[in-house]
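We just call them A, B, C, D, E and F in the order they show up, numbering each chain from 1.
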């Protein structure tokens, strides 16, 4: 029995609200149940120094949590003067995952920065950020076409991400905070809408996990991500 | 003629949405037109080192802007490793202003941290933050009473803040970004609901301003802040 | 009765010693009673990145206190690795105020950096810094003319600054530390020698202040700043 | 054909030299071919603040590369003033993995810090660090028994780690730098000597990877890690 | 011929002005010709963590230069966020040297912090700082006696410091900037008033120096430092 | 009697192993008894900004200690976010000393960075680093000739460094940790193979030292450094 009463293979309510703020080329509020993340995609007319003059673009991501997005207030990273290890790990994961969505050569010498700011946290913020960030990215790429800066969108494929885990001995999909904080195993799965894996990160929090549990979790993840691709499509139609 | 078509003494639409996020003791989304700030008030069971053992509490504030809350993306302060001078100036102003709302001795050895995070900026973020932060603070103080940690709320008075300025030679109320970026003079006025001044900060951006302009601006501010007190009251009734 | 025995509208002894150190283009020791600040103005043959190629110059300021300029030793900002919030607030104020003295376009692509280092503090360091810094600035601008780098000084007007406040219920001029640390209200007023306001920063430390108190403080400030302009003129004649 | 001429399922030469330096309780030079990492395990008589008084111990890790352990010199993290994102990611992974080796309650209020410093890099530094670090950890735990501070070693199980990947379309074991820098997929697998997974981190560098490739990589990893457990055992016998 | 016209064994004019500022327990303006350093000695009622409970005191030093104490303006260390390597080297030297003046056990659990701030630099700032700092230290130690916190001053001996060098092939005493910047060898000598060496730091800037040059420089230093002890005595008599 | 049983004028066993790691142009493991330092010399095709376009090269050094190179684990400087004062002092000394080995004009616009990383510390790490770093530097300079980037090596002279001190009243050569931590005086002497001094740094840790002790220490140092030059020559022959 899950704390939320969901079935083991059931996602939380998924909502993606485009144009949530007005300045960014892409701006999506993504909600996985009570987890709420603002994902903006900002186009910049330049590339990082290591790519200068190579005729290709870049996608990168930054992640942050509002100090009171969580049950207890966390210190503000800007005032402590550095980003924590968890933040850095997550933003690197988001950046790697979303780069897989884009043909960087077709993007030309533009960058897109995906900012993922958690305004309310209830587990799964990094998977929500990747899934919602991909929608913001699509809008930002389309804005380059609309402005005549690119002939067509360099989007190669959609990217979706979900967490799975083993909780009380049962493999479950899309863990909320109550599950995440007590799960034996926690795995984040990032896939393309063509069915390939982009990234797998599984961690045994307590006991090691077995091949059979891995297989069960991957099966749940595949099912959940397919539903996320439907939700992305539906949001992009509006 | 103002860019927005407003009269010189006209505020933008003011909205304050309480309980905007679920974890904080006070959580208000405040909107002054297109300026949107999430203000959370977090109660902590301790005071800063310089107040230990003195039998009084503390109110402090932190301020941040999401990187793409603005027209061009700003660098994220957490990843640059320090808060900018403007940020520090603003959060000190918010903290000083909201401390005036509370009887710190009656608060006992508790702290309330007001986090003001701008999710969309269109001028006047600091005045919105103070005005909305005061409502979040009221909710946080009431939570201390509801939990039996205080007998009654240590709230002394409400605090409201508004910007006024001289734009194209005309004194105007509640400048939006289009006005703010070209105004000759910009002044932030913070008052109590009993009519006294808490803080005045006026800056001549181009030409110096005269006593008569100061008087006109203060008149506008007084009118605007009265409307803000009405909006706070109405929000707190819901 | 003021702790120093001064009348409410009486400045402390004001002294400005030019050429206090030998390397800087302008170098003034300014004393407001026991408050002593070394103000140097350094000409640099470049402008900040955001002004490159725009055919105008820049004035900026930095502020610091020697660790034992105060009653208790303060930690050295350089060894703590960052400037405190108060320092940043003050140096931004000095910079804004002194930029108003100069026609930046006539300055051409030069910068002048005003360094204000407090060697002894007794209240009013920021107003002393602005008033003395303006004299150092004049010397630096004249050095550009003397060296043939400018045809004439781009000085538009002199800038003076003074603090006023309400102490024991009485509006007073030029607060020393004994008054400043117990004043109900503290306001810094920065004006041009043509009588306009450049900046007003008033803060109620305890009780809010009323319009009548504001008017009384502004009257005192106007009188005091006129005396400061006389002192600047006299120093520049030597 | 692999650049090194190895078979797809062939490890590089594995060497683990205990007592490599004299001060640490555990000190192992681990070599996976040309990749060389000094792993020291230091016992400390305290736990981090978040664990104080909870009757359990802690295992943590730090990772660094000598600036010229690599083909091009990298900037020294200590002089740049912060650890890079890759460093932080890796040291968190090492710490999580090695905590799984130990019964933290049986460890009592002691910490063991595993320092992994790469003196020569040729791919697979993090897996070498975990595998060699586990041997250093065993020595450090035994030193606690030898000193009479613990009755018996709190070691639960050995941990081994290896990288696998898809290179030129072929799944391969233990990638060296030549392979790692051009692989389509790179996965780090961390397992216990009882056959369970502790951590899985797979990343598609170019094309997504399929379930069949994942299965093949996991098979290679399982074979390689078994050989690593033999190498650990053999080193610990000496 | 020296640029200043001095004889090879001639000091610059040495001046030490006590009570230069009013807050510190010791406050000396020391001048070696045009080199001017404010040295304050601040008594603190505590010791650094590594000395807690050991029944002894501590002497430490910090060093800084006002940004425009030099011919070209240097960046302010506080705003760059760290002290430069030269600063750190110098303040460690001052601290080590002045600790030799005091019986730390007799000092009890007090610290004295010597702040040396250069307001005008013309070579030899570190030797001026040590020589003047020692006088400030004496005053601070005496203040502990005057306040009844110590029965007698824990001063063991006076410390003096001077630079010597080889300039244009000639050994010279007390180099000013014109000499220092072109000297072949530069050596700082710190001695006690009983004739022993506390610290020697000699550096060949261009050609190596020979034993005979070393001997000549040490002879000059000894002569110069004796004059400095006279100057210290005379200052302390006033 | 020395703790190690050595004669007062006896060095520890000196070993220099070239090509210790494979990537750097020069890579030497230097051992002075149990003190072990990896010195790599990295050629870079550029010079620091302050030397751009001046037709000369640069030699610089960085120094670090592995956290557990010492008896107690030291915090890792990279994770604390800054290099300690001792580290900075030492790396500046190494850089100054090794610059004296090279004709910087003949080096052309190349830099050589000497990284000295202590893997095991037992006193004398800075003198080992200079002595071994000089051998790595020779290899790096020769690599420039071998690659045809320079016609001949810009090496002017070899540099050697040794510590001497007064321990239990006796002047001794090459102090190990047991001596260093209890010596009355500690002096580092850096010389050229032509017999001149490059740098002298003597510090009285407890009692001041006298001229006669200085002379005795310099005699020991001269003898020891001659043996180091033999060891360097022998290493370079292999």
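FYI, a residue touches a chain if its C-beta (ideal position, glycine included) is under 8 Å from a C-beta of that chain, and two chains touch if they have at least 3 such contacts.
Predicted, not measured: the structure shown is a model, and the values here were computed from it.
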Greatest separation from chain B - chain, by CA centre: F
Type of chain D:chain F copy interface by residue overlap (half), same or different: same
Chain whose Cα centroid lies at the greatest distance from that of chain E: A
Between chain D and chain E, centroid-to-centroid distance (C-alpha), Å: 50
Interchain centroid distance [CA atoms averaged], chain A/chain D, Å: 28
Approximate Å spacing (C-alpha centroids) for the pair chain A, chain B: 33
Residues of chain D touching at least two other chains: 81-82
Order in which chains appear around the ring, chain D first, chain F after it: D, F, E, C, B, A
Residue ranges of chain D touching chain F (in the complex, touch as defined): 21-24, 27, 34, 36, 38, 40, 42, 44, 62, 64, 66-71, 73, 76-79, 81-83, 87, 113, 115, 117, 119-121
Residues on chain D engaged by chain A in the complex (per definition of touch): 82, 85-86, 88-89, 91-92, 96, 100, 187, 191-192, 194-204, 207-211, 214, 218
